[in-house]
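What follows is a set of structures to go through.
In the two complexes that follow, subunit A is the common piece, with subunit B as its partner first and subunit C second.
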Partner chain A sequence: MATDSRELQDLALKHKSSCFYLSTMNYFPNYYSIEDIFVTQEKVECKVNTRLQRMGFLDAGAETEDLEPGRTINLPLWYIKELKVNNAYFTIALPDIYKNVHKAVCEAETTHIELGRLHPFFYEFGCYLTPYDRNHVIGRIIFETLRQRVRHLLDISKNDADSKPDHRLDNIEAKLHDAGVRTNTLYINWLQMSGNNIRISELVEEHQKKRKRADRSDDEGGGGAGGSGDMDMPTGKKPSW
Partner chain B sequence: MSRSNKMFGDKAFDLLKDLKRSAQTIPAFDDDGVRQVLEEVKAIFEENVAQASSYSSSGDRSLWPLLNYRHAALQRNKRCLLAYLYERMQRIKAMRWEFGPIIPSDIKQALCEPEVQFFNNYSKSLAAYMRSIGDGKGIDLTGNLRPPKSLYIEVRCLENYGKFELDDGEIIHLKKNSQHYLPRAQVEPLVRQGVLQHIA
Partner chain C sequence: MDPTIVEFIGEKCMISIIPNFSNEPLHLIYGSVGPFRAGFPVFVPLWLAAHLRKQQKCRIVPPEWMEMETLEEIKEEEKRSKFFTKMPSEHYMVVAQLVMSTAPDDVPRCEELRTIIKDIFDIRESKLRTSIDAFIKGEGTYAKLDNLTLLEMHSVRPILPYSLDHIARYQRMATASQRDTSMMNTTGGGTGTGSMSNSFFTQ
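Moving on, here comes the complex of A and B:
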């Protein structure tokens, strides 16, 4: 019995550590949240309603110093957020991605959508856009989408721990998936009474790997080609930044 | 402001992009990037001050949206900079728990001077706290993260570490690929540092 309770304690401890990964996600992101800064960096399409003096620099195609009414420009969310929802200067146009998902939501077939490809911050971006949505559909769409997909998310995090369906998941889903995989391995370890060994610290392991990689590229001599190729990958995939 | 320039706040955002790309480790402190953002902030601020003073004398509201936009950009830059410093600070704190009081020199190079100071102070505070608890004997809070099951554990050595002295004075030579049966409490830090591997 004594060992049992200890095992339980152990599990609780591990569970806590996996919760830590989730705790960085929040309905109300804090001021320092890097994720939130990423979301608010996204551009939104806006129509200019009135002549705005000396703001022509926001419009790449403008010929005058002022911003003329009728032009369509992309403005970052961090600026839009500061304005009133029905301000006199801009009308916000909602991105098409939410309209496209709408049909799938109605047919309850959202599991096959590659959300991550559609938008890396599908849900968070949607949350910010709800005030500008006059038809009140975005809120329902993001809620329904996650409701339909979360079950599937649970399934895939139980099955394949290694193969991560990268571009199919949006940022929140990827984190839920990580947490799911992690919790699942901990649970299995606990059932098998294994995993009680002291393990190398994660940061140290990461650091050793990095050093080994650096050593290897030094050996190859001018391994810069391989390195820069790796760097290009993620930037090429990202949509607007 | 020239027409072709990048959007305000983009440079500050680049700092964070850099940070996010390296998920756990710390990239070198971007002195240059931070300085550029600060310059941008200063430039925006000066323009706004000039405009605000002309507004208060003339009462002309037509430039209001521009003022507003610049102010938002100012706030944005501030938020990005603070988030950059804050996130690095979190990672530095985590390193104290994972690497122990001494961090590898290549990581140390990535920190700027105030950050090194912060690490030293944090390390000192933590050590002082750990000494103060546990009925005057002190407890190492970074140890025994998993409940121990046995006093001794079997370990394999992953690198040539050299001599290691146990509490009872016995000296052990830790050579690569050698195996030892040692007191758990004393070798745990070495396992965490990747010198030893716990095998049973």
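Moving on, here comes the complex of A and C:
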């Protein structure tokens, strides 16, 4: 996997996770999501089937101008996925991780696999590769793996909130884990009556932030009026009725 | 939804108080409470009870389920039963939490009660997680959980619906690809595709 781009990924993910929408909504792959971009950036091994004229530049080790049949090259997923599954030019070689994992799923405890170490986007990457798998193993693997691991996720997000098992979880799982930890902290705070102040709901807060931003870029004269007054609730104690 | 909202909803529960003042009935948006007569018990919403208690204007009468014997029974029953037993109050955690934090003096054996109610909640929560696990790993398409209270539901939200979303997505993906390729293989024959695509579920 592309280890050099890992730092960049981490940085981008951290920035994203501070974003409101991702922290409160479920991830779903879409055109604008940075995770989706990272996943489709991954390289996939392909075998060339036909002679491709003037495509030799794709293969770093090629001597000829054309791409000869039988060579193996790495192509990014975003390119491959636009081609038909049974196209005449390339055959996709499935990454080993999905082969080894299959065994592990069947034979060992799924909860002990360090998915994050296998691939940071284990599920999503597998999802994209599913159509290329003639034996229909990948689809089943990712489905079964997550199915088996949900209980584990529930447990760890309940019990050890502070020690985050980074390398053990895939990106999707890490998000689920975060959601679980958040619920648990809220509950504990409530139980200790420490979070009793009335706070603006996250939705409203985000909306205000946006509005303030818009106002500032617009014009500082007229925009400031809406931002104060009844909005100053976050520090206010719960009113004693 | 977070616990404070659950608490807010739970505060609508009625509870009996013994006021030490007399007053006309209070006309509130959703109905009237009172009239208050010193020394006579009256039913008020929980939020009003907590407020009056903080001002030393009443004594809270703990609900009848809030005593050791009843709760011991509930706990035993909860341990024995495979399903969730019916709780004495829809918001037992909220009621207990509010009553015991605002008026610890009005409840006899307050600390013990606190512990046992927490125990019951923990038993139910772990039961919930076990049944979620069984549901996800099993073949069922829906689960029925009776007698679950709001705060217990909160404890698995949003992680449970999120995970189910992902699982469903991957399942669709797996079956879809299987169907596509099997259709491709049997373009001549035409029959048998239905049973092929179904085999994933009924393995």
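Quick note on the criterion: the second predicted complex is superposed on the first by the 167 of 241 C-alpha atoms of A that agree within 3 Å, B and C clash if a C-alpha of one lies under 4 Å from a C-alpha of the other, contacts with A are read in each partner's own complex, and residues count from 1 in each chain.
One rule holds in what follows: a residue touches a chain if its C-beta (ideal position, glycine included) is under 8 Å from a C-beta of that chain, and two chains touch if they have at least 3 such contacts.
Everything quoted here is computed from the prediction, not taken from an experiment.
Residue contacts after overlaying the shared chain place A:F57 against subunit B, while subunit C stays out of touching range. After overlaying the two complexes on the shared chain, residue contacts for A:T130 are found with subunit C alone; subunit B is out of touch.
Looking at the shared chain after the overlay, A:K210 reaches subunit B, while subunit C stays out of its contact range. In the superposition on chain A, A:Y89 makes contact with subunit B only, not with subunit C. Touch criterion met: A:I200 reaches subunit B, while subunit C stays clear of it.
When the shared chain is aligned, subunit B comes close enough to touch A:I37, but subunit C does not.
Once the two complexes are overlaid on the shared chain, A:I97 sits clear of subunit B and of subunit C alike. After overlaying the two complexes on the shared chain, residue contacts for A:L77 are found with neither subunit B nor subunit C. When the two complexes are overlaid on their common chain A, residue A:D155 makes contact with subunit C while staying clear of subunit B. Residues 196, 241 of subunit A lie in contact with subunit B in one complex and with subunit C in the other.
The residues of subunit A lying in touch with subunit C in their complex are 26-28, 85-86, 123, 127, 130-131, 133-134, 136, 139-140, 142-143, 146-148, 150-151, 153-155, 157-158, 172, 175-176, 179-180, 183-184, 186-187, 189-191, 193, 195-196, 240-241.
Remark: subunit C residues 2-4, 7, 47-48, 51, 54, 97, 101, 129, 132-133, 136-137, 151, 154-163, 165-167, 169-171, 173-175, 177-178, 180-181, 184, 200 touch subunit A in the complex.
Only residues 6, 9-10, 13, 31-34, 37-38, 41, 52-58, 62, 76, 78-79, 82-83, 89, 196-208, 210-211, 234, 241 of subunit A touch subunit B when the two sit together in their complex.
Subunit B contributes residues 1-3, 5, 7, 9, 13, 16-17, 19-21, 24-25, 62-63, 65-66, 68-69, 71-73, 75-76, 79-80, 82-83, 86-87, 94-95, 98-99, 104, 106-107, 145-147, 149, 153, 184, 188, 191-194, 197-200 to its touches with subunit A in the complex.
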